[in-house]
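What follows is a pair of complexes built around chain A, which joins chain B in one and chain C in the other.
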Partner chain A sequence: MIIDQEKINEAIRTIQEYGGHGILNCVQCGACSAICPGVKAGFPLLCRNLIRHLLNGQLEEIIEDSSSWGCQACNRCTEVCPQGVRPQEVVFAFRRYQGNQLAFSTSAVTSQMNLYETGHAVYSDPKELRKQVGLPEETPTSAFDEKARQEIQALINAGPMGELGLF
Partner chain B sequence: MAKVGVYVCHCGSNIASVIDVSAVRDFAAELPGVVLARKDLFMCADSGQELIMQDVRDGLVDRVVVAACTPRTHEPIFRAALERAGLNKYLFEMANIRDQGSWVHGQDHAGATEKAKKIVASAVGKACNLEPLEDKFVEVTDAALVIGGGIGGITAALELANMGHKTYLVEKQPSIGGVMAQLDKTFPTNDCSACILTPKMVEVYNHPNIETYTYAEVDDVEGYIGNFKVKIRHKQTYVDWKKCTGCGDCASKCIGKAADEFNGGLSERRAAYIMFPQAVPKKAVIDMDHCINCGGRDIGTLPKVNQKTGKLILAPCEKACPAHAIDRSIAYDPNGDIQEVEVGSIVVATGYQVMDKGWFKEMAPESPNVITALQLERIISATGPSEGKLVRPSDKEKPHTITFVSCMGSRDEHFHTYCSRFCCMYMIKQARLLKEKYPDLVINMHFIDVRSAGKDYDEYYTGARKMGINFFKGKVGGLEMLPDDKLRVLAYDMEGGENIEYVSDLVVLATAVELPADATTLAQKLGIQFCGANFFRELHPKLGPVETATEGLFLAGCCQGPKDIPDTVSQAKGAAAAAAVPLAQGKVRIEPIISEVITELCSGCGICVPLCPYQAISMRTVEDRPRAQIEMSACKGCGVCTSACPSGAIVLHGYKEEQIFAQIEALTA
Partner chain C sequence: MDKIGLYLGCNIPLKAPDIEQSFRKIFPALGVEPVDLQGATCCPAWGTAPSFDMDTWCAVSCRNVVLAEQANVDLMTGCNSCFGILSEAKHYMEDEARRKRVNEKLAAIDREYKGSSEIYHVAHVLHKKIGVEKIRENLKYSLDDLKIAVQTGCHTLWPSDVFTIKEDNPYQPTILRELCEATGASVPHYSRLESCCGMGGMRSTDVEKSLGLFRDKLLSIKEETDADMIVTTCSSCFLQFDMSQPILKERGMIDFEPIPTFYYTQVLAMAMGFDPAQVAAISQIDRSGVIKEIQNEKRLVKEVA
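Moving on to the complex of A and B:
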């Protein structure tokens, strides 16, 4: 790797503009990765390692990596981070960067389609399980609410996501 | 008419890189009263001072303004230069254009230059109105007070006493020794802590120049360098220490129980107890918060008489004491007795506490097998609850896997952003001691990074790697409780870029070093300032590491910031040497920046008397009329009386009305 200050500045500015304001606070302690379910599942570029690459200025080099879409948004990284980096915000900022560059991971297509169609990125039919435990079969969410779904679809269509032509 | 000389300093690039020094000099040269204005790279250097001295000797100037860094460190230097040149040193005024200029306005060069001009104009305004003042001197009480009986306080007391000064050592616990007495061994040499500390404890206690007061606290301090009046509160022990032989029979009969603080709460002690086996003084106390009045008799009441035998019915502790040192008919008095001592200087060495594990919710603090490193220290100590045998708290079984977690509450913006400095080293020490004793033990150590700066420290760390202790770079993110009181460790291997999960029997947290709450209260009584990390603030981070903003008050050890034993001992010796200076001189100088009553103008209204925070003002009778007077040695020059006097009869020398108005005029011109 070559240290290129221009590229480092560009990467940090990009991430901060997309909402990853705390990226420069990172001291690379790794606490976020220690509890990250995405890291545990094997996504290589989440939390600590994603931030390392960004701080190295390797923004474009990792643009095609799909790890960021493995973030479950549990936000535990924010809880354990001793430096106020808010790693999840960095991951999301990187996602926004990827989305805006139309570098949309194929592995994320299903979840985006789910989001568009049901309002849930991770969705499976809940009816059977809910019936078993004695709950009403339909959840009180967008999955069973036509109006809410239309609103979500309108928002997605109006944003950069709409430009991807997935839907 | 005053002849003011203005000298603008570049301070290397500290000032000149932001402020246009030449422009400030040119501006100053045109101010009324200014006869010359010069600039120099370093006004405080020999050549800079010589510049001033030559102008004074040549009769060109008789008032000096230096526009430079800060009076906090450099005012005495320039005053001394004036004195050497034959000018009264109080005809000097400093314009602070670094701390209040270039350092805070680094982004605005033009603005900073304009502000510097105003600050200089204000200083010149005051300088035109300065008057010569004479230093005053007061006698010094040749005695010192050391607050805190840990290794820092012990060292400082011994140094002062060996220099021949009477020294009072005050410790709040029943025994001196501090945290060091709780330690098993010490890095990087693995000396037994007790073996090197207890001789010092005995030496202090038996020293002819030292009065050691344990179970005592400093209640109040009044006065000033050379003449402090200290109130020491002796907490009631309910045991006559003149008679107590330290046999411990009272403790063995006592049934009131409390968590043993000395063992980090891992065992119980009795309400009547001796703090630890090597305690100095080895004396018992009865802790009334945990005494259950088991003899059926409240403290402070006389014993009942047995109707049949006619004998007194004594409480178990009274009955057990072969020296008859315990008398429960003494009135309960949580306030204790106040003793007053007078000292010339004070060394504060109140030490530290480590954070409780309860703060770290992600670290399963409710598990008995998650402990602090200080608790592990007690577990592996021969005087600890398991007599040095490694057992985990839940089932008293030997653990197979031990995990060490660094930086709990240190380097963490939720708690303390500073590094606690000695945790890395004591964790490595504990791991090494355990690995030596139990080679089969699996020891996993997790660090953000290992900080082993110090003589022989890095060798101690690399040696630990060679012993087969596992080191991982990466902070532990969390612990999960498992059946059988085991713990799942969620960690991360920074170098390999993989997360780590394993089951551990015992987890040791290196919790942060911090100032105890009662030290904060003490600091307020003493007038000690705090630094950003909430430790006691030294006068200067580099050049005044043992002094404080209050003259005659010195710092040693962890109350000033986290430090290990060698650093604490070094600082304590430094503090003792500094504290001995006024005692050796026999008298101290009092700056004449103090208030004075002009008796002819005083109406005798007495408003000033209760306003003075230092009780320096009293009323006296002058020609049958009441008039205020100010005790010079007690006055601190705060100016409260001056501004409150309705007759304008009180002047604060160095801040007279015309001087301050001249400053305001210059600033608002």
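Moving on to the complex of A and C:
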């Protein structure tokens, strides 16, 4: 692999802009990967190995890899990192880079649409189940509150998610 | 009576409203009145706004927190992900520049985030505000000689530096164990106590990897505890244990019957005498045997009004 300083700078700048501020503190000790459920489950590009690729300037090269979407955001890595990297923030910064380039699976589109249309990322009609257990059929949430839905749509439209062309 | 804002999230009110009903039954009986946060939305889940833009994440999260602020109450959620998301958003809002930007977004919908409401998990309210002693005093049935394996889940444990309310040691969580022990049940330790169940982004990204991780944890529970039931305070862990055990069984990847799984407040509600048809009615796994056993006449400790 040819190491290109321009590409390294671009990768680091991108990750830091998307919230991975601690990436340059990483010394590749691997404490994060040792405790990461995603690494244990077999996702190839999380924690130490993801950070290694980014520090080598390999940003575009790994844009299609789905590992970051398998991150549980559990933050075990953040807890153990001796360098204050907060690796989960780096993983999510990379995910945000992918997300804003629309490099994610179609299954992830559904939850964005649900959030926008109902205010709930996970939505199914709850009326029958709620009636069964003796609750009012309608939840006191945005699902049955037009004003709340308008508010959340306004918040989403006012940021980069509104420009993805999904809604 | 103490009041607390009941932030429902998504899975509990929409997919598992029997868990919501268990909150509404037990909390007033234990001296805490849940107040609805009308118009609350998703926290927003990790796979949505947090995966695209931090300011949008903070704006949506803080709108939910503002609903509690405006009602002058702290906020309580039964969902670990919601607890993690809302707590982290509050943490990020300590950055003055972000706070200003996000409050500009909120101003457009006539809201302002002040940061005056604390984020509690249901387990925290039970353990720290109500306390195990009061739980014991309100039992109608004792779960003596029943064995529980506990599943705390991830998002109330890490990163501990952003949580105000937390475990003494996130690697050795004790809150749920003590809450379960308060019902009279025994709660044996198992080696993968704090390991991840594989739900969440992992399951929606790669279900086979998720099931693999889940199976490791489940085998540890079965072999090391042989529990009568699994009890969790995470609604996502609940769904994973309830829907994925039957899948493993059907595929021949486990050689035992799926272990009945409950959200903690469902077990407590039943132990307090509430109707299982309202508080523990929805599951993939057949839980009727253990439900009947919990409310067995021989377990009666006293009559509560």
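Everything that follows uses one rule, which is that the second predicted complex is superposed on the first by the 104 of 167 C-alpha atoms of A that agree within 3 Å, B and C clash if a C-alpha of one lies under 4 Å from a C-alpha of the other, contacts with A are read in each partner's own complex, and residues count from 1 in each chain.
In this section, contacts are C-beta pairs under 8 Å (C-beta built on N, C-alpha and C of every residue); 3 or more make two chains touch, one makes a residue touch a chain.
Here the structure is a predicted model, which means the values were calculated and not measured.
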Partner chain(s) touched by A:Q5 [first = chain B, second = chain C, both, neither]: neither
First (chain B), second (chain C), both or neither touched by A:V122: second
When both partners are placed on the shared chain, which of chain B and chain C touches more of chain A: C
Which of chain B and chain C A:V27 touches, first, second, both or neither: first
Chain B versus chain C as contact partner of A:A108, first or second or both or neither: second
Touched partner set for A:E79, first chain B, second chain C, both or neither: both
Which of chain B and chain C A:N49 touches, first, second, both or neither: first
Chain B versus chain C as contact partner of A:K40, first or second or both or neither: both
On chain A, the residue positions that both chain B and chain C contact, one per complex: 40, 76, 79
Touching residues (chain side chain A, partner chain B) in the complex: 27-36, 39-40, 44, 48-49, 76, 79-80, 82-84
Interfacial residue positions of chain A with respect to chain C in the complex: 18-19, 37-38, 40-43, 66, 69-76, 78-79, 86, 88, 92, 95-96, 99-100, 104-105, 107-108, 111-112, 115, 119-124, 126, 129-130, 132-135, 139-143, 145, 147-148, 151-152, 154-156, 158-161, 164
Chain C - residues contacting chain A, complex: 8, 10-11, 13-15, 17-18, 20-21, 24, 36-42, 44-56, 59-60, 63, 84, 105-106, 108-109, 111, 154-155, 157-160, 170, 195-196, 198-202, 204-206, 209-210, 212-213, 277-279, 281-282
Chain A-facing residues of chain B, complex: 362, 407, 411-414, 448, 473-478, 490-494, 497, 499-501
